[in-house]
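Please read through the structure below; I'll follow up with questions.
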């Protein structure tokens, strides 16, 4: 794969934990690759499978959904529904041959700026060797 | 080069006017072709307007073909394309192709009295005929307009209607009484019975919601209008505008191509699929 | 297969007494060997009912039509509809009840048990006959299939003709019914998801090319969702236009209709369409196989739905179609739901 | 929306140092809905805000995007600016290009590109934002405080003293909590009961406080300002109005059970008063133990001897319904279960005690009247080993967290022991000493220097009984020496756990728990006394281990928060709530099942939203198969466009 | 022009047509027939009915009409519209069934006339149809002879091949057809008189092999005019699933949708495309107000049948049905157009 290939990643971050965690990474001036564009949602439980399919369809090379740790959800249990729903999405995407690295989920609390940074670094690193995502992408 | 019937001409919006605001907003647009394309049409014909990225919508032309400077469309905000049109402003570009459809047989009506009966946005297609008839006033007998809308706020061409009153009898109505309303209160078909246009040497031309048309026709029949004296327009979902895509047909007629103007004598022979 | 004489008797009685509006059952088809849906309004037509392994259709789909019809009528006839259901179809009824799409009093369920049999797979039959056309398919006393073609009769073992889903059926008898014809016998089942192994064992790249090849054929005729009793939405999220429009629908709502995918039958759009359909059927598909059967291009759609059925079972211990009181798969969770995939 | 304005903040060089703000403005200007794009050095400054207001007025903007720092910081600032210029505040959105972009990247072109995408995504969102007004609801001016320990008492008093009514619910027969069991408190060595009982009395006599002891919260519904609670009042079978506290009943009661107040070091009768200063001062007939579960016969002897006829066997549990505007949860803690500390012989050897038991031994009102004696043989222990972090700070086997107060109370215990037994020796095994707090470090020093307490840094490896002694083996990690102590008594500083039943209560109140089971606060730093549910507040050790002053401080904080709500005429609630697109809804009820706030109900086959209950989390949106339920101003249509914007260009 | 082509020379002939894009039916591994672009591999005409008719070659399911893009030149925004006409390479469809070619002959009417559809004609003008007479009916539901067609009809065809055992009898109807013969002149022989007799006999025989029949199609067309409001449509459509199989797979159905596909909203870039559409989908005729002139399955089934058996005849004096039987074979619920029309014919009798 070309050295200068930069994967495009969409990250759905829940407002209360993961987006706050990502803010903390900023406040702490941690550094991570600029491949991820965040979309703040209220809760990981609100991330519809359609968002994930659509992101891949519109050209994402990777999609991240990040929410609060179990038990930590600002909305009590939204992340539990997300965990179940997105597990199915992941299994389905893998089943139709999408590389397993392309769709990821994480728990990042408001205090875990370091973890957020590490997740993004790892994500980009794992996506690079795969090259552009073409399977769900329209007119690649 | 062969003409591609599906390729619209670019036109610039040169004037916009809010006719009705709110949930059933209506806006009037005037457009000029960006590249000076010719566009000859007849009263009652339609044009396919494009908002690129949103799609196309068939809209009747409300200006008179005798006025060559611009095309005028009055558009009800009802779906994806019309909503996008409403968001447009002077200077924005749209696509126009057409004209489509048969139009009103104005020449065949020479020497006759014309009574226009419209409801709501249905005044738009009539407006082209009204304007043309005024410009060719000597060719026709008496002209009159019966027009109504749900509320006084839903009346289109308010200023123009005020001017029109100097040139022909204009009977307005609204469905439900309002404090400052001086004219008729009730549905348009009722107003038709009330104003009793005479069928003698008269053509009645009606446009509006299907349910209104249905009762206008019934009432005109009661006033002894013959089927051949009644003209109306039919609206159906359209995509191609040229009788190919297969959806706007009533029986073997494609409304886009063979319509939208029908005499009641012709229309009643076709399946009532509109 | 069950004998349905008692069922016919009941059907006649129901119609005679006006207890049901009409009965949805199976009748002889006019095209080849397959039975066809039959709508019976008069008791004297009850004898047209048939029950054999060619009764493949999931008639529960027509309850969706019935609901739509009722919604259009000003004063709908509120009597129930009689309906013939197999084991799989009955689970579709359970899901419709679970999702409150129908009320138990909307249906009078005439259950028929497949017992040791099931239904014929048309693709398997076509392969067996290699170009010849079957006129009839019957079952003999030894539970073997007898296929009549122009050139005579051919006998086949049941497994050779039975649909894969029948061989993987969890309960080949109705789980909900008002009248049951036949015995609640279960076929022994070693590998409930055995047919998936073929695809699961492929590498990711091979799975991708497998599905691309399959789904590239899709012409978006939507027979799959049309045949599916669970695809009862008035407006499918992948449609770019509004279908469920009422006088109250605003221009904005129509203008804001989301274009999740394009109408064009392209590789990516076809894949996304089928992914959306699969995920929306997760925990709802009862494996009646109608989508796959209806598909004119023979896309093995069942493998998509079955996969998620398997995951629901293995990850969450969820089995669909047995209990109308159960919450939907995605509207419940367990504290111990797996999260090994989460960082 | 067509007329969006985009304002890009340099934040000095915080943003402009890594993001080419001019370029972002330039790119955004190309967006079909953007009619105005500019950058400025500090958007949040007055001149910056003026720029925004001016542009809204002059260019008739119908949407504003400010690309700047995190929305957590200046969203309100800019929304107010928009509002001042006549724009609905929900038509203003923040694009976070500082914390989530300029501060985390170095490559300027790439950061600029990313900032452009983030801003574009915000434009797509704001383009479809509805103008919304905050929802408003009336307030029931009454508070519910759950838990009658020091935190609950303090919160109840603070609220009642501002003039609002309070219902204080305590599940035990008396208020007082664990604090009333303590002998002295660190670092001042005040007598715990002496400082607490005045508060208990004040609560019981306060005209604005309705005290409900021996009661439990059964059910809570409603929302901030308008909760409906059901409280179960358990029967005490004794009428406190008639009871003269003559104590005749306990003398005749044949049933003896372990005394909870003394943590089982003594027994009590089935009819009892928990401790002499109990509030309310009345007896309770414990119906778990009377009638005797084995004989199932109530002997009735107590009633026979009761002269004032205060005993009424016909009392029934009562459900009392109440309406309150706010709820403070102060359910406190319990100590880590004995069963879990078998490795230290806890529960196996009578002379291995936990901290609270030791408090009772030290207490003047305790079973030994303040004499420290071994429970096994009532002899004075000469060597006592205190073990800190018993069950705490051990993520593999027990609790991962630090129980915070043990360092201090262990020092206190050792000190008290030395004060009682002058010739005794106290050893403390510790991992490290955490003595942050006013006078705390000095207190520990005093224990070492004045009282000769021996601190041993290391973990205890084994505790076993040998010849009437409790053998404690351990290693002093400072010297590397193995240590063997033949102790007479071992006191474990057991980890603090959320009190039993707190989890159940949290479920009823729809409160979130953290991973250890303590109640979760809304924000660990900025909203430490608020729960995740609006109108519910946390106080005391229910939220995390803490000592008395901290618990009292948090209780007062929670009370202040509660009063802030109670003193409103009407409450405002975010209007970004769910809405149903009715013609798409099939009434399957999947969203109803997932709603964490019971804000959705099915009516005539369609879902309806109770906007005041809805918190706008959107879990319903992702659950609905038909996209028939959407959260206002974060609809799926908006997210779809945002996804597009994030991937384009 | 009439010629003889030895069967063994057939592959060579196909190879010689290298200046054309050649489509020919082929069977895939699963036994499904379809038209594929010839890739130099084995070719034969031993073909049963393909699932999709060759309509997709003349009238693809998706066709780009134009491309639009907004560009910003300085501060001036301009909208560029670029017409996209199909790439024009001469094309041959070999092995088209005579009925499928008849369908093209019907589509010619639809896409011709006052408003000529340049996209269709760009392809059509460049396409040569080589038919293969159905000496064995490709489907058990064939009924071409009932709708004024036959297993050897010539309408729409440029060449017709008839199987005479080891040879094909080749009839050329047009100059386009002759051009294909000239491309490999050496492979073709002049037919002997008995061959002419043989082919006549084969054609006559082939008509007898058609198994299904719709009697009195023209009178049915007349009768349909009075049956618009008949309850029959409701009864017959009860089992309809409202899928698009019958129409998408029909060689003569041609309804379409035009829509914009946006690639990038900002700056705007996208395409206007035509896609197949069908009268069987509920949204096909639905107004944006929600009003639908054909609100139910009954009215949609009626539209399909009336379009084919009444309206088209009224306008073009042709059936819009070629009798290939695909809609019967592939309907998942066994709706049988012949049975339905039988009922129309017998209605009130």
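Each chain gets a letter, A, B, C, D and E, in the order it is written, and its residues are counted from 1.
Note that in this section a contact is a pair of C-beta atoms (placed from the backbone, for glycine too) under 8 Å apart; a residue touches a chain by one contact, two chains touch by 3 or more.
Computed from a prediction, not measured in an experiment: that's the story for all the values here.
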In the contact graph of chains, the distance from subunit A to subunit C in steps is 1
By number of contacting C-beta pairs, the most connected chains are A-D
Comparing each chain's Cα average against the average over all protein Cα atoms, the nearest is chain A
Relative to subunit E, the most remote chain by C-alpha centroid is chain D
Chain-centre distance (mean CA atoms) for subunit A and subunit B, in whole Å, is 53
For the pair subunit B and subunit D, the C-alpha centroid-to-centroid distance in angstrom is 67
Between the Cα centroids of subunit B and subunit E the separation in whole angstrom comes to 39
Chain centres from averaged Cα atoms put subunit D and subunit E apart, in whole Å, by 72
Touching at least 2 other chains, the residues of subunit C are 237, 245-246, 249, 254, 257, 259-260, 262, 266, 330-331
Where subunit E touches two or more other chains at once, the residues are 70, 257, 259, 262, 265, 268, 286, 288-289
Touching two or more other chains in subunit B are residues 78-80, 82
Subunit B partner, complex, touching residues on subunit E are 65-66, 68, 70, 79, 81, 83, 85, 110-111, 113-119, 228, 254-260, 262, 265, 268, 270, 272, 274, 277, 279, 284-289, 291, 293-294, 299, 306-307, 310-312, 314-315
Seen from subunit E, its contact residues with subunit D in the complex are 70, 72, 264-268
Residue set of subunit A touching subunit D in the complex reads 6, 8, 10, 19-20, 22-27, 29-34, 37-43, 45-51, 54-55, 58-60, 69-78, 81-82, 85, 110-111, 117
Subunit A partner, complex, touching residues on subunit C are 199-200, 204-212, 237, 260-262, 266, 268-269, 271-272, 275-276, 278-279, 282, 304, 307-308, 311-312, 315-316, 329-331, 333, 335, 337-339, 341-343
Per the touch rule, the subunit D residues reaching subunit A in their complex are 70-72, 96, 98-101, 103-107, 110-111, 113-114, 117-118, 121, 510-515, 520, 522-524, 532, 594, 596-597, 615-619, 621-623, 627, 631, 634, 636, 639-640, 642-644, 646-648
